[in-house]
Amino acid sequence: MAKITINGVEQAVEDGLYLIEAARRCGVDIPHYCYHPGLPVEGNCRMCSVEVEGIPKLQTACTTIVQDGMVVITDSEKVVGERSDVMEFLLRNHPIDCPICDQAGECGLQDYYMEHGLHDSRITVSEKVKKKKRVDLGPNVVLDSERCILCTRCVRFCKDVVGTEELVIKNRSNHAEITTFPGKGLVNPYALNTVDICPVGALTSRKFRFQCRVWYMKNATSICPGCERGCNIWIDHHENKIQRLRPRLNPDVNNYWMCDEGRLDFHWINDDRVLRAEGPDGLMRPDEADRAVLALLSNPGDVLIVASPRSTNESLFALKRFVEVALPGAALTGGSFRPTGDDDGFLRLPDKNPNSRGMREIGIAGDLENRLNGSAGVVLVFENDLLGDRPDLESVLAGKKVVAFTSNRTATARGADLVVPVTTYAELNGSFTNHAGLRQEFRSAIRPPGDSRSVFDVVKSLSGLLGKELGWESETALTKEMTDVITGWGVRVEEETELHAG
Amino acid sequence: MATTEKTEVKFSEARKQEIERIRGRYETPRGLIMPLLWMIQDDYGWISYDAMELIAGECETSPAWVYSIATFYTMFELEKPIRYHLQVCNTLSCGLCGSESILAHLEDRLGIQAGESTEDGRFRLTAVECLASCGTGPMMQMNDEYYESLTTEKVDAMLEEWNCD
Amino acid sequence: MMIGVKKIGKPMDIKERSYLFEIARGMMTSIRHFIRNVLNQGAMPTLQYPEEKRVLPERFRGRHRLMQREDGTPRCVACFCCQTACPADCISIEATERDDEGEKVAARFDINILRCVFCGLCVEACPCDAIRMDTGMYELADTNRENLIYDLNTLLRH
Amino acid sequence: MPAELFMPFVMVLVAALLPLQLLPAMIWAERKVSAFIQDRTGPNRADILGIRLGGVIHSIADVVKLIAKEDMTPSKVNSFYYSLGPFLALFISLIPFSIIPLADTLKIGGAAIPLRAVTLDVGILFILAITSFHVYAVVFAGWASNNSFSLLGGLRSAAQMVSYELGLGLSLVGMIMVAQTLDLNEIVRQQGGTIFGILPAWNVFLQPLGFLIFVVSIFAETNRNPFDLPEGESEIIGFHVEYSSMRFAFFFMGEYIAIIGGSAVVATLFLGGWQVPFFDTEMLRENAMLAARIAFGSTAALCVLLSIILMAYDKKLQALYTDKRRFEARVLLGIVVTLGAGAVGGLLFLPTLSSLGEQIVTAIVQNTFLVGKILLFCFFFIWVRWTLPRFRYDQLMNLGWKTLIPLALLNIFLTGVALVLFDRGA
């Protein structure tokens, strides 16, 4: 431990920390652009300059390692003046096109200008160096060179986090620009993280740009359902539509990052949802749908219930209890035919289901294929697109009555005799258990569209109609029992960390 | 900046031996980028994108890094050589002495902007960073020669001379 | 009555308490107005509206219009500042990319004039002077709600 | 004489039509006078072929509107009483006109033909009795609407009417003591002549306190401002809140006819009725030719004045408007000129009058004066309405019971004393 004095307050911090990080842990925010805790330090923006006793010149807090007895001042006149001057330099060639800039509202330049700049510009906009306003860096990322302040966060991300080294700075001084090698693009599968870490509006996501102003969006903590990594994410939504997903800091799982594949995989939540239950005779109300399902359950021995590793722990646990209590004799199985991917050694994992481990630990058998080939005449498929993943199953399901509990119009839903809408993870409080056995909770972001209900509500209603009690009044009670029953699933306390603070 | 014309680029056997000889001087393979860029420029007169990819392969890095370094230093020629390449310094000392007006005058006389070539392919004008002749600004470099303490009259005289041959 | 009467002000003298004189005074006032207006109807402040119209003050806030650049394209850059500032939530914008320079432009710009409260905050908020309320148009009635949602082209045409 | 047989029918018709004709004029006047008092122009937009008549057409538009509107009946009401309310309101308002003498009795041959629908010796009592019925209209309407608010409104109105009926009756006692009769024509006849040669011998000068109390009470009886709590058009809900269309129009008309009726009663009892000031019936009959000439002459003069005004108006319109107003001005000008020409013609070619003709001219002049008095008093009603604010309910009751009734009793006492002193009672 090192004892340092920041602004007259003596505090003990860990050895080997950079001063900027040490100060943050002591509750002192030092403004910065190029520094990012997930990236190697470079010290080029000079925004984090602070006074260190005994050193005549100001030191950049992001490159100075704490030493015992260090006395640091972050709010002296000298430091404040320096920040203001640095801001003026950074804004030297900035086009100030905030009205058309997507970053406006979460922009480092805006925030720090209000906090530390507030100078009158000595440069007119016409005197500024003009650069390209729209450079397509790759399939997902668009660059506005004028807005760039050359902090090189994106360069370092590509070089040191992903290792693909696609982004560099070309030319020098006024004419320096972020670029890729001519003829090549920013094509790595994590490229959109550069948009997150860009402190200004230079890098924008092609899918998100111009879609929604950031100040309209509300956000909710969630878990990416794209693979069994279980990256922590923010769901940013506006008017009950998901606008974008952003990674949320979790040092144990995904650190500051997430892959593009997971990030862009949310349009199915907004579009093409099943809004009303649908049977052979047309649309139905939820209670009519439940009765229609019930009519198929008269002989439990003939019923196969297919759970999904895409469902939450809570849904799976409720389903298991439902079979045990209300439908003894029915077979419960789980699993997925989703095509697997590769383990790229960073974040992406082969199993593209978020909760395979959770399903196993809850105790739902994974003998899906055998069971489907069995004799069961009625198949209840919960949140599982069997036909979409394995079109050849059509012949297997042909003679059976299929009830699809699904959020979207999947192939399974199209082939089913009865379709009942259920919620997606974005409309649900629940949890996924990732590949390492870490159960991570998430909160609902948006309201369920149409008649969508959670699986818990569906099975509760069905068991009510069957005259059986599941034993929980609320989902909270369910969660409590589940975490009590399954070892190692104690409630994890979420630490909410805003990404921009990083 | 760079032309798209294809030229096959490779290191000669002698160069390869030289590379092996100096490789040990550098901590990482990346350190070789600068010497290799010089070698290419010496051998071919300029550095093409193909050459950059060749160097990247040699230095175990991405071509983008080579590109970044090559664009940083104005001494590296990224286009095919031209008869008269005028490089006007516009860094601080020269700038204070009036390099801006020299550059503007040249642009005016040649009818091109900095970074462009004349239509007849004889002149190329570039604004470059410091050429280490700060005591005698404003200055420019024509190919490998320095012309110092420039005035618009001097520039006019030079242009007359070069236009004649 | 359960409700008491609170007496305020100075006590009335006998003349006032008898009411009759005060009533007479009031009657005289109203008949004075009557006679004056009968004899000189032209002096009344009423305007015969559809035929006569009031001269609008310079800063009168009428229906919105969107300004154009010199090349005829809308000045609006779809920054959503007006939509954000609007207390009545009457503006709705959809942004898209400009074909030429990579700037933003409004693909859709609707003002629901039925909701508008003519506060002018959108004009205040606009960083590009793209929206103004200086048309002086205030006769905005229509028989159809759809016609009262003005779109980009209508607003550009004035 | 056949006149004795058909005159009652004619008079019934006249008595019914007089208030009904005055009604739209009254409504128009209400709007226009209120507008002028408040510095507005009032209604002037509705037109037929461009003829606006300064808003008179609005009354026609109102009629059309009221007839065309949906007649809503609340569910679960007693429809008989619900319909009876508006009927009574209109019907009872019309009755007093049947006994108002419109002019002095005609003498044809040996027979006397009274110019009123019903000849009744107990005229005043009849009027008091009939107006008391008005309370039933209000109570029926309030109760039958099956609405607590209209019931409360009805009860409030009933209390108000009952309270002020006392003042109304008592205020007349002094006058009756002076007149010694209840017959209206007799009372009017007594108001001929002068007091001290200056004032007409109207009861308003003989009974000023009674007149005051009577006027205040009649305001309250007719639910007019400042006593319009029963309706309380915009503030407190009145008894007819559930009525719409023509049923509502019946209340509306009933109210205005009650005002006209009230004015007629006041004119008859206190303002000399059909008496022309300083000219009694005999004098008028002797100078019938002169009276007719004056009538024609003044009509012609009025037409000339109107023509001048209209021409000036037309000229002004030319500069201002391009619509049909100029057309209207010219049409009106044409009508006025025609009327004026008729009047001039009447003046020039007036034949010598027979005895009957003299009597008819006299009756017309007297009737004109009566209607003029009624109209003036109607104007007074409107004038008061747009001057005074509404009473609070406790103030209303205090005024009725604690002020007007004692004053009315005082008036009886003073009248009695005066009669004894001047020895007229004996």
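Letters A, B, C and D mark the chains as written, and numbering starts fresh at 1 in each.
The criterion applied here is as follows: contacts are C-beta pairs under 8 Å (C-beta built on N, C-alpha and C of every residue); 3 or more make two chains touch, one makes a residue touch a chain.
These numbers come from a predicted model, not from an experiment.
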{"item": "Distance-to-centre winner among chains (Cα means, whole assembly as reference)", "value": "C"}
{"item": "Where chain A and chain B are represented by their mean Cα positions, the distance between them in whole Å", "value": "46"}
{"item": "Chain B and chain C, separation of their C-alpha mean positions in angstrom", "value": "66"}
{"item": "Averaged-CA centre spacing for the pair chain D and chain A, given as whole angstrom", "value": "84"}
{"item": "Where chain C and chain D are represented by their mean Cα positions, the distance between them in whole Å", "value": "45"}
{"item": "Residues within chain C bordering two or more other chains", "value": "none"}
{"item": "Multi-partner residues of chain A (each touching 2 or more other chains)", "value": "none"}
{"item": "Pairwise touch network: line, ring, star, complete, or other", "value": "line"}
{"item": "Chain-to-chain touches, reported pairwise for every pair that qualifies", "value": "A-B, A-C, C-D"}
{"item": "Residue ranges of chain D in contact with chain C within the complex", "value": "33, 36-41, 44, 212, 316, 320-321, 323, 383-384, 386-388, 393-394"}
{"item": "List of chain C residues in touch with chain D within their complex", "value": "1, 5, 20, 23, 26-27, 29-31, 33-34, 37-38, 41-42, 44-46, 48, 51-52"}
{"item": "Contacting residues of chain C [partner chain A, same complex]", "value": "77-81, 84, 95-97, 101-104, 127-128"}
{"item": "In the complex with chain B, residue positions of chain A that touch it", "value": "164-173, 179-184"}
{"item": "Of chain A, residues touching chain C in the complex", "value": "97-100, 104, 132-134, 142, 144, 209-211, 213, 215-216"}
